[in-house]
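Structure below; questions to follow.
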Amino acid sequence: MRRAILILVPYLWLLALFLVPFAIVLKISLSDYNLSIPPYTPQMDFSNGWWQGVKDLFAAFDFENFIFLTEDDLYWKAYLSSLQIATISTLLTLMVGYPIAYGMARAPEQWRPTLMMLVILPFWTSFLIRVYAWKGILSTEGYLNQVLLGIGVIGEPLTILNTNVAVYIGIVYTYLPFMILPIYAALDKMDGSLLEAAEDLGCSRLSAFWLVTVPLSRNGIIAGSFLVFIPAVGEFVIPALLGGSETLMIGKVLYEEFFNNRDWPVASAVAVILLLILVIPIVLFQRNQQKQRESDG
Amino acid sequence: MPETKFEPWNDPNEKPLIEFRGVTKRFGTFTAIDNQSFDIYTKEFFALLGPSGCGKTTMMRMLAGFEAPTEGKILLGGKDIAPIPPNKREVNMMFQSYALFPHLSVWDNIAFGLKRDGKDKKAIAARVAEMLKLTRLEKFANRKPHQISGGQRQRVALARSLAKAPKLLLLDEPLGALDAKLRQDTQFELMDIQETTGTTFVIVTHDQEEAMTVASRVAVMDDGRVVQVDTPDRIYEDPNSTYVADFIGDVTILSGSVTPKDKGYELRFAEGQPTLYADSDLSLTDGQTGYLAIRPEKVAVSPEKPEDRRNALKGKILDIAYLGNLSTYHVELPTGQVVKAQTANTRRLANRPFSWEDEVWLSWSDSAAVLLER
Amino acid sequence: MIRLSWFNVTSLTLGFAFLYLPMLLLIIYSFNESQLVTVWAGFSTKWYGELLTNESYLDAAWVTLRVALVSSTIATILGTMAALVLIRAGRFIGRTLFSGMIYAPLVMPEVITGLSLLLLFIGIGLDRGVVTIILAHTTFSMCFVSVVVSSRLMTFDKSLEEAALDLGCSPFQAFRLVTLPIIAPSVISGWLLAFTLSLDDLVIASFAAGPSATTLPIKVWSSIRLGVSPEINALSTILIGIVAVGVISASLISKRTMLRQMAEEQAAERA
């Protein structure tokens, strides 16, 4: 009896507030745009009975929103450019994060908890504020240009804010802890004598790094990359704050479609496709985690 | 009045405390316990001994109530315990990991079970004090489990499981986490406490020495079956199978066809080797295969063939393991078989009579070796 | 022998500079006299004064705090239940769907979660306001709580619960007297995580909030879209300060307890 309550309470909550909302998104994505409130038809109409209502609903479904998405290249471009920006940012985050994780794992034992805390601390501070901080740095009259102009590296201020470069910086900055922590965890577990054994067997330090360290931290690299890539694809705040008019990201398109154009059916169709795109990396990520758990015993 | 030996299993009027009646336990397709029946008597110190995976822990968890038999019955004081959940059983368990509650002090750990019974505060305090005294933990009552040593933790676990004065106390590898020296001391302490409290103890262990030291009777288990239940001395001197003989202590086993002779049998174990003789109560047919189990300490080593013994084999010393007080010789017979012999080192090393490659004679008396059917 | 090569020192220094310099600049320039954030014009705390007398920020802060307190508390209860279901309840019908619903929100883009919840609220005719933000935040943060708690439960020594049963506890008593006190730290960190997620959330809140309720992130968002403002710098400094003090003292406390515990364990073994 208690077990049933224990299962049912969180189960029903998630059904009502997670699964049902999705069903609604799916339903609206198959509905027609209408200048009314709410701005779509058909709505659930059970005045002719349950079954008739459901039948009418299905009869009125069509895929024209999805067809619309394929016809307007804004959406195609937005999906592709989201994937591209997420991929580039993930690689950049890996390049920045790996040396930090490596340095942490090689640091003296007593420093490590402090370093760890320093990596986690930004995660607790507001995401919005951390993105906002870059606005002051990257703007034309921002701190970066002030410094570069001051030391004479450049003669004219660089335009970084409101370009894709600013978006890359923003993503790398905000998601860096997600990359560092799994890689650090993998490197920290590694037995230091393995490197000594590799060197003893004739590896140079660099080849020992490539042949031993990197393969052993593979799971950390994969986990970290997914943890950056997946949320980056649907990112809204960073492109909206740091990106420019050229920056096309699907999260931003969805938000604007919904709030500015009030086209709910198209926004829902955008969401459904975004989800379908993300299912692949999510499943791959889960499989990687599963494998890791199994190999850890 | 002569002191009566504690042997309730030999008394037909004695009612057993625990009865296993055809108990089988299966996990999916895996059979952990295979149709087993045996009894445990009040005030016994009963050991379940076997290698890991032999089913001894499953046996104990069925007594505690964490597993239920798939078939058969377990009776406690004549009543089937299957319908009684673990929290209602008059059985307590001392866990291998001790399972001390890390957030509670030693005192609160010991009082935990008593509080569940709804006893009044005074009675609880008195009982906890008694348990602390019994396990010599009075000084540590207010400490948390992580603030005391491994040996002390072990005693807290014991005190906690004894506090409710259970009819039966189960001990799952109680000394496994202690180092060798501490383990020996604790074995005797356990025996003392068992005697003082008069509680029936069932201990699960894979350590044969431990089982032999503490138990009144030992059940040797293999692969879901109890192979032999007997007193420690009979398990050692009178094993009922080569499995038991081999599991307990050191042994050499020679097999061959048997022929009845005198009060026992003659065994022909190899071509060109003399036959061996052993007294035996077994009824074997002429020509049946028998197994002769010979304990090394019962084998004498001599440079010449002894005249007074019919069991004598010639061989060459292959290895000598010097253990200080004892030396074990591995003697290779011309057939390639190796027989172990052990002698006490009563003389200094320099005067040791035998060396590697020496030709020696091994011999033992008619009653020294045990003939086994399987 | 572990030693820090110049390479490791450099990468750590640059890495942490990258992580902390932006926030440091933000803090420094919050004490800037000038209206122009990027031009230093002398030390001043006037933006703090303006911020603290600005009713709309204070109102938003109050709404945010209420939402965070309520949603994180409900999320902790639901998330802990969900963790117990995942780790302890064994098999039941729809288990796969259940664990899917627990893990999906962790990787779901916020725009989708927000959109779907908004459509639900409109569909059932629920007026958007504090209640809908609380519902939305509870739903996604309970999943984070359940991941934190279930990872603790996975390493929980089951024999502790068995010992409690053996000593006469009912299963519910065993949970209340033994399991819960031991997993309490993970439940508390789950609560803290849910609380911060709620404080921090912009996207889901802007879908779920109506005109009647504005949270601090929504307020901040509407003013920083246009550009940088010294008031926001001051607000950021206050928020960063609170988090820094909180996280650093929490980790110092846990480090002290750990060291003391280790010292006590060693002392106990020596005795």
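Labels for the chains are A, B and C, by order of writing; each one numbers its residues from 1.
Convention: a contact is a pair of C-beta atoms (placed from the backbone, for glycine too) under 8 Å apart; a residue touches a chain by one contact, two chains touch by 3 or more.
Everything numeric here is computed off the predicted structure, so don't read it as measured data.
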item: Chain nearest the global centroid, as defined over all protein CA atoms shown; value: C
item: Contact-richer chain pair [A-C vs B-C]; value: A-C
item: Gap in Å, rounded to a whole number, between the CA centres of chain B and chain A; value: 60
item: Chain A and chain C: spacing of chain centres that average the CA atoms, whole Å; value: 18
item: Mean-CA-position distance for chain C and chain B (Å); value: 55
item: Junction residues of chain A - those touching two or more other chains; value: none
item: Partner chain A, residues of chain C touching it in the complex; value: 2, 4-5, 7-9, 11-12, 15-16, 18-20, 22-23, 25-26, 29, 37-39, 78-79, 81-82, 84-85, 89, 92, 94, 97-98, 101-105, 107-112, 115-117, 119-120, 122-123, 135-136, 138-139, 142, 146, 171-172, 196, 199-200, 202-203, 217, 220-221, 224-225, 227-228, 232-233, 236, 239-240, 243-244, 246-248, 251, 255
item: Complex contacts: residues of chain C adjacent to chain B; value: 157, 159-160, 162-170, 173, 177-178, 181-182, 261, 264-265, 267-269, 271
item: Sites on chain B touched by chain C in the complex; value: 64-66, 85-88, 91-93, 95-97, 99, 101-103, 112-113, 116-117, 143, 146-150, 152, 160-161, 164
item: Sites on chain A touched by chain C in the complex; value: 2-3, 6-7, 9-11, 13-15, 17-22, 24-25, 28, 38, 44, 96-97, 99-100, 102-104, 106-109, 113, 115, 117-122, 124-130, 132-137, 139, 141-143, 146, 173, 176, 192, 230-231, 233-237, 240-241, 251, 254-255, 258, 264, 267-268, 271, 274-275, 278, 282, 285-286
